[in-house]
Amino acid sequence: MSAAILEVSGVVKRFGGFTALDGVDFTVAPGERVGLIGPNGSGKSTLVNCIAGTLRNEEGRIRFEGRDIHAYPAHRRIRLGLARSFQIPKPFASMSVLDNLCVPLLYAAKGGEARRAADEAHGILRQVGLEEKAHAMSGGLTQVDMRKLELARAMAAKPKLLISDEAMAGLSTSEVDDILALLMGLKAQGVAVIMIEHVMRAVMKFSERIAVLVAGRKIADGDPQTVVGTPEVVKAYLGE
Amino acid sequence: MSNGKFAVVAIAVAIAFAAASQLVPNEYFFTAAYVVLQFVILATAWNILGGYTGYVNFGSAAFFAIGAYSTVVLYNAAKAPLLVMIVAGTLVAGLLGLGLGYLTLRLRGVFFAIASLALAVVLYTFIVNWDYVGGARGAYVLQPREVPFGLPRYIHLLYIVLVLQAAVALVVARAIEKSTIGRGLAAIRDDELAAECSGVPTLRLKIFSATVSGALMGMAGTTFPFYLSYIEPSSAFGLSYAVNSIAMPLIGGMMSWVGPLIGAVLLGSVQQLVQVTISSAWNLLIVGVLLVLFVTLAPNGIMGWVDAWRRRRDRR
Amino acid sequence: MEASTALVINAIIAGLLLGGFYAAVSVGISISFGMLDVVNIAHPAFIILGSYVAYFVNDRFGFDPILVSVVLSPLFFALGMALYRIYYVCFEKRGQESLRGLAFFFGILFITEVALVLVFGVDYRLVSTAYGEVTWRAGDIDFPMRLVVPFFVSVAMVVGVQLFLTHTFFGRAVLAVAQDQLALRLMGVNPVRVKERAFALSIATAGVAGAFLIVIQPVQPSIGREYIGLVFAVCVLGGMGSIWGTLIGALVLGLAESFTSTFFGPSWAPAVSFGLLLATLAFRPTGLLGR
């Protein structure tokens, strides 16, 4: 069994008097497709932020490829290969779609020459289906294109682990399938993916394993069919 | 155009301006042009941290003044050559930018802006209380009797120095803008959190930006004591520097090196006219009103209009 | 009483009295910046405007400046509403608050100062009040009325604002908007209206505080800029958005300035507030009472 690429152990995060994460353990194997689900407010985004480095957890350890990354700022974590997309897309609005990708290519992926970065950016845009919009201003894209750009930017960092934070929220069925195909394709590149979603059919199709977070605690972790059948999970979503 | 080529062009244009100036019969040209060139440097420098990185500096006067007062110190201590004074002032101002940046750029942009304002006042108070540089009474920094290079008057030399300084500032600004660092700064400006999560070392780049910006603003101040052979704190820390270094890039356009140049030349020349014909108080009022009008109605400035027109033309 | 003890006690008294006044001057920023997240660095401009309005009426008609400012406070309220409207339409709605909003308010500050110079000139202006020259003495300890009266009305105003925020529906709406705008909308309250009026309140307090200022000392247009550091220092020291914090921060600042002025000379006083602000931002940005 290969060593885990991400190991989260006993992570606690508090906001004043409110405990958002109450001792969460979570691992991801290299190339694995993991779904992370849970009701709103259960702490999923907080967990993502702690892993990515935009928030600091008070207790617990986070290891990436065996290395303790607690002291690493976010920009260093992504350079190690830990990428994330944002739930609400945050494009670099003054730049074109192409230039948006050049930033992570140059900084996270250590892409060297700016000229080569542009070529690589085109490649990624082709992969996500945004190539025709390469020179469009990123501020004026449609919702689904913005989500694709978010993911493309995370992919441009050449990550080993990519966290997709509710990229499908509010999209139509065909748009969801677009994003799903995109994320499935990452497996071929050996990229592990954590998918945080509410669109259950996408989560079921995508995940090799599902973890469930409720009120800051992980209540289930395992085979998708088994997990969604567990009484605690059903109760969490549907009530008593 | 590569950075090297642009530098050559800039220096060539500067030399051309320098040479052509000798044909101008009106002596007033030099005193007025000196002020406009000061603004070109200040606006360009401010924009590196302001337009490129998205952090507003309200304390431009502090950096300008520290460049001026380091000249005073070197003049009083050793009558150092002009070039030494310029380099020293630039370095000291850069250190100030580094210090301020290191202390306050970890915080939100608004706190940096307020801290920069605080810096100007604190520095002003120190200078006013420091007798070695003349305190509130001011200091005399006499122009040398012998004007180098056979120029007719010392103000001509100051003008030429400033033209070269302006060229340097523009070359530096453009080089940063087009470089990888420039992309990183733009990312910070557009969305600092997303930039950090895209691998941009935001704090490091912001501090770099503040250091370079501060250094260039200090450079603009290094020759100022010689301008009137006299300097005192209220003119070195003048309100005009604070408002113009913000208004000029805003009106000209903050996205590239061209905007501050246009803003400084246009607004600076207008101000020279108004100051002479009406009064300096009305002059400042006009600048303030233009600032507010542009920031509410035309936030991308003149270059913004040009870009919009270009895009409309390309679409046809 | 020993001369040096008297000196220290007088410095403390002056510091506390001044501190109360500083709280009045800064309570508006606690609202606009601390609660509404609007970086109104033009706040001091409205203080100075208040000073000049009070001066003008006092000079023409002889009315007490503080009374005048309270009576005229609705004017400042209206001005604040108009200003927020412009700010909201041009900046907050477009999501460009930070840089452009700052530049906008800086422009407003600047225009106000220069306009005052054009109308009134750069000479110091002062008011004549019934109590301005009176100083109550207890042995070697001085209680100058020009400090005492503004102190009491300042504290009254600050306490009034705090009570308003915690005990009226609108006040609690303001506190709510600072925390969760969406929830407010879901309760049927329009957050923009709330913010607009809260901002107007902050400007009204500035206008009234301006009258306090001119009772304490003569004013000239450039004083506004010195107060920027002061109001933000008080706000940051007090932990942003807490009215009690503002009061404590103001008292701390008042004492610091008073001691600096007494023992190092008044020319160092401007550096105190700004220096304290810089130090707080650099080393303890959550304020003295911060989490």
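So that you can tell them apart, the chains are marked A, B and C in the order they are listed, and the count of residues begins at 1 in each.
Definition applied: contacts are C-beta pairs under 8 Å (C-beta built on N, C-alpha and C of every residue); 3 or more make two chains touch, one makes a residue touch a chain.
What you see is a predicted model, and the numbers here were worked out from it, not measured in a lab.
A.B. asks: Could you draw the chains as nodes, link the ones that touch, and say if you get a line, ring, star, complete or other?
C.D. replies: Drawn as a graph, the chains make an open path, so a line.
A.B. asks: When I count C-beta pairs in contact, which pair ends up with more: A-B or B-C?
C.D. replies: Greater number of contacting C-beta pairs: B-C.
A.B. asks: Between chain A and chain B, what is the gap in Å from one C-alpha centre to the other?
C.D. replies: 43
A.B. asks: Just the number, please: Cα centre separation of chain B and chain C in whole Å.
C.D. replies: Each chain's C-alpha centroid was found; their separation is 32 Å.
A.B. asks: If you look at chain B, which of its residues touch at least two other chains?
C.D. replies: none
A.B. asks: For a test of understanding, state which residues of chain C touch chain B in their complex under the given definition.
C.D. replies: Chain C reaches chain B through residues 33, 39, 41, 86, 90, 96, 98-100, 102-104, 106-108, 110-111, 113-115, 117-118, 222, 225-226, 228-229, 232-233, 236, 267-268, 270-271, 274-275, 277-278, 281-282, 285.
A.B. asks: Touching chain A in the complex: which residues of chain B?
C.D. replies: Residues in contact with chain A: 180, 183-184, 186-187, 189-191, 193-203, 255.
A.B. asks: For the complex, give me every residue of chain B touching chain C.
C.D. replies: 50, 54-56, 58, 103-104, 107-111, 113-115, 117-119, 121-122, 124-126, 128-129, 239, 243, 246-247, 250, 281-282, 284-285, 287-289, 291-292, 295-297, 299
A.B. asks: Can you name the residues of chain A that touch chain B in the complex?
C.D. replies: Going through chain A, the ones touching chain B are 52, 54, 73-75, 78-79, 83-84, 86, 90-95, 99, 102-104, 106-109, 114, 153, 156-157.
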